[in-house]
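Shared between the two complexes below is chain A, which pairs with chain B and chain C, respectively.
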Partner chain A sequence: MFNFCADPKSLEGFSWLLCYLTSVKHISFYWSFLTVLVLLAVAAPSALLFGFGGALAARSHIPPLRWLGKLYTAMVRGVPDIVFFMFFIIALDQGIEWMKHQIVCPDWTEPIRQGLEFRVCPQAKVPLGSSPQIWHQVYGFALAVFTFAIVFGAFAANVLYGAMNAVPRAQLETAESYGMTPRQVFRRILLPQMWTYALPGLSNLWMILIKSTPLLFLLGVKDIVYWARELGSAKTQAYAYPHPDWRLWYFLFLLVAYLCMTRVSETLLARLARRLNHGQATAAGEAMRRATQ
Partner chain B sequence: MKKMLLATALLALTAGASAAQTVRLGTEGGYPPFNFIDDAGQVAGFEREVGDELCKRAGLTCEWVVNDWDSIIPNLQSGNYDAIIAGMSITPERSQVVSFSQNYFPPAASSFVGLSADADIHGGVVAAQVGTIQSAYVAQSGATLLEFPTPDETVAAVRNGEAVAVLADHDYLVPHVAESNGELVFVGEPVSIGGGIGMAFRQSDNELREKFDAAITSMKEDGTLNAAIEKHFGPDSTKF
Partner chain C sequence: MTCWETIGAYAFRSLGFGEKLLPSTDFTLCQQFTLIGSGLIWNIYFGVLALLSGFFLANLLALAKASSQPWARKPAEWFIFVFRGSPLFIQFFLAYSALVLLPRAGINILGLHIATNWLTSAWAGALFVMFLNTAAYAGEIFYGALMSVPKGDLEAAEAYGISGWSKFRRIQWPTMLRLAWPAYTNEAIFLFHATTLVFFSGFPAYQQRGDALYYASYFADKTFNPFVSYPIVAFYFILLTLCLLGLFGLVNRRLNRHLPSNTRSRIRLRPQLIR
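And now, the complex of A and B:
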């Protein structure tokens, strides 16, 4: 990064540290924070969407749809996250390749499963073996986001299902008596009012989601935990910047970084909760009303 | 020799016809001087140099992929990459699930390293990386095996007293001992395990394995492999 960093072994003290902290590897470490933030930014809305779909399905009057919604939440919620992550990523990846294989290589005669090996024709690999590494990383990241969305969607589905049931029946009845159709009741009364009941559960999920981002590392995405471990491990003279085992400092840094992320989230969520509770006929809304009197 | 050259030339020609083939090489990236991630974030080390040269000789375009040691064989089988080149010793157990090329690194000694020369390597706690020939050796040696996912953690375990010694490839431990200011020392005699280090392929991938086998032979014959070993492991290292 800096000109004087050309020969790291001759450096000492502050300039060594400056060069060390700006090495290409460290820059990758800093960028990996963005990976985590992108994951949160994409996975959270997708999980909410999955959750919304799951909750609607679970409330549906059509039995098969209702069973599907219930099965989704029960199944995902009942399996340890880590097992689901490990199984789902492999199954999804192989499933995609298997389907592509059926389409692009109909004449392939060799078996796809050979013992422990999974071999589709080279044209059916996703992404293709010849595509640059960046696409492999993007694909891996997309699989991870999808898995996060499925897992957290199941929890969100349950929270939203509960929140929808918590809206006082009297509110809906009033709407009905005004002649609103069920669809209108849902959109105009139920939906706006359920958020205040859903928020505590959803904010919990958001915090858990932040804390689960290191699972990315398990899925082969180079996130902040991967880089912290890689950078912190003892380095011999084979490296440009030899140093003893510094993992403690790197993990301490991660600890502080995660605390910052959760702290900011807590502040924002508290603000959101105040807004949603405003004017609600709940204990929280009542407390706000009294406070302003 | 002449035949060999001809074969290599032929191979290069036939490979040229399918130059579009990209081979993905899986490595661990945490086992200097065999393979590690250098400060530019690239795979480096002995295997990087050899692997690149092999690909050049076989006329293949190669891409390096870093994968955890734990899952390095399953991910080969599921097709995330096409070959493993990660300091993997050729063993009968592994040969049942993958097929190895000939060795590109001769059978090398494994050594114990501890904080003192009289560490109890026969009955104490000995650290080794999970799924290695060394961990198998410790498991049946009578010592208590303590496994870690990365080689770096095995050495750290000795430094902080979790284990009395670590068993790993001698060549991996040499720099750690040399740079520890006397804190770490070799314990006992080196042990000879494993049949050298080879590249691992899917068992259904004979064609690719043969290409690399031929390239390794040609590197052995013209001495470039020995030169690379000497460059990364010092003049005293075992050569072909």
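And now, the complex of A and C:
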């Protein structure tokens, strides 16, 4: 990055550290924080959307849809979430390739599952074997995001389902007595009112989401954990910047980074909670009313 | 190989007994069930020991955090903040990379030789991390419960002349435990779920002795078929969760036994406490 970094072996002290920390691989390390942030930015709204769908399905009057919704909300309760991560990342990949296979190669006669192999026709590979490396990475990341959305959608469905049930019945009945249709009651009363009940659960979920981003590493994405391991491991004299095993410091850095992230979100969420609780018929809202009197 | 022979060969594979080589061709359902079940021993080992030892530390942490003395409160607050605010995954990595830095040959302290190489193996190192982690989460739960012990209970105790240590032991602590128990049940369940992370983080599985998820991903990698082995893990964990719920429900009944039936706290399984 800097001109004086051309010959790292001759450097010492502070300038060595400066050059070391701005080497090409370190720049990739810093960029991988962006990967995490992008994951959070995309996975959080889509998980909320999945959760909303799940909660609505669980409240539905149509039995099969309700069962499906209940199953979706219940699935994360008894089974470790990491099992779902490991499962969906392969299952989604195979599902997509299988569907593309059915469309692209309808007259392919060989079975797809041959013993221990999953074999679709070459045109059905996603992404195609000939496509550049970047597309493989993007596809892997997209699969990971989708997996996060499914699993955290189930958590969010739990929270939103509980929140919808927690809105005081009297408020809904008042709306009904004003002649609102069920649809109007849902849109005008239930939906705006449920957030104050959902917020504690959702903020908890956001924390969990932040803390589960290192799982990207398990899903094969080159995230911060990958780079920390890569950069921290001992480097011999063959490398430009030889050093002993520094993984401890890299992971310490990650730990502090995560602590900062959770701390900042905690403060922001507390502020949001104060705003949502204002004037609500809940214990928190009552406490705020008392405090201002 | 019949199923009984498979069970004989692989039932304790995760502990290093029985057949040395894992199956590599013609995977049967029986093999998958046996090996994954064998891996579950590790999950139960980590979960039970971390929970039991973490319980004591959690009580201390809750008391320290509720203390008015800053020298007790500040360390407890920081401990809870660090372990609750960072991913368990990173904690495992950090612990492992710290433990491998210890000298291989052991440390000599005042002529006493302490071996260190066992610390880097999962059974000790990962257990230690889980112990600290669950202590922090449970400590926060207990602290919250300690703060919500009804004021009237404490005043009544003082009116009867119960104070100091005996007030804590006879009034505060049992009430705290009763109030915290539903949340603590959730914590226990998600601690067991978190044990699946051990062999995917820093700690290596020595001679392929891993936990349930380790074997499940082994099968999924070999067969390119996630639709068999992962549901088996899910099945085992649902059983484990149900057992835990039953066990903690019994304790909950005992903690609530003096209360009229309509004021008893009930355990609700809420997936809010994963790490």
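Everything that follows uses one rule, which is that the second predicted complex is superposed on the first by the 289 of 293 C-alpha atoms of A that agree within 3 Å, B and C clash if a C-alpha of one lies under 4 Å from a C-alpha of the other, contacts with A are read in each partner's own complex, and residues count from 1 in each chain.
Basically, a contact is a pair of C-beta atoms (placed from the backbone, for glycine too) under 8 Å apart; a residue touches a chain by one contact, two chains touch by 3 or more.
All of these numbers come straight from a predicted model, not from anything done at the bench.
> Count the residues of chain A touched by chain B and by chain C, then name the partner with the higher count.
The partner with more contacted residues on chain A is C.
> Which partner does A:Ala175 reach: the first (chain B), the second (chain C), both, or neither?
In the superposition, A:Ala175 touches no partner, neither chain B nor chain C.
> Based on the superposed arrangement, let me know which partner A:Leu255 touches: chain B (first), chain C (second), both, or neither?
second
> Once the structures are superposed on A, label A:Ala156 by its partner contacts, choosing first (chain B), second (chain C), both or neither.
Touch partners of A:Ala156: none, neither chain B nor chain C.
> Please indicate which partner A:Ala198 is in contact with in the superposed arrangement: first for chain B, second for chain C, both, or neither.
neither
> After the superposition on A, what does A:Val79 contact: first (chain B), second (chain C), both or neither?
Second partner only, chain C.
> Can A:Leu116 be said to touch chain B (first), chain C (second), both, or neither?
A:Leu116 contacts both chain B and chain C.
> When the two structures are overlaid on chain A, which partner does A:Lys25 contact: first (chain B), second (chain C), both, or neither?
After superposing on A, A:Lys25 lies in contact with chain B but is clear of chain C.
> Which partner chains sit in contact with A:Ile90 here, chain B, chain C, both or neither? Use first/second/both/neither.
Both chain B and chain C are touched by A:Ile90.
> Where does A:Val167 make contact in the superposed view: on chain B (first), on chain C (second), on both, or on neither?
neither
> Go through chain A and flag every residue that touches chain B in one model and chain C in the other.
Dual-contact residues (chain A): 90, 94, 116-118, 229, 245, 247.
> Give the list of chain C residues in touch with chain A in this complex.
Residues of chain C touching chain A: 25, 81-82, 85-91, 93-94, 97-98, 100-101, 192-194, 196-197, 200, 213, 216-217, 220, 222-227, 230, 233-234, 237-238, 241-242, 269-272, 274-275.
> Spell out the part of chain B that touches chain A in their complex, as residue ranges.
20-24, 29-30, 32-33, 36-41, 45, 61, 63-65, 67-68, 74, 77-79, 82, 97, 150, 152-153, 155-156, 159, 175-176, 179, 202-204
> Touching residues of chain A toward chain C in the complex: what are they?
76-83, 86-87, 90-91, 94, 113, 116-118, 155, 158-159, 162, 201, 204-205, 208, 210-215, 217-218, 225, 228-229, 232, 245, 247-248, 251-252, 254-255, 258-259, 262-263
> Touching residues of chain A toward chain B in the complex: what are they?
Going by the criterion above, the answer is residues 8, 23-25, 28, 90, 93-94, 97, 110, 114-120, 125, 129-130, 132-133, 136, 220, 229-230, 233-234, 236-242, 245, 247.
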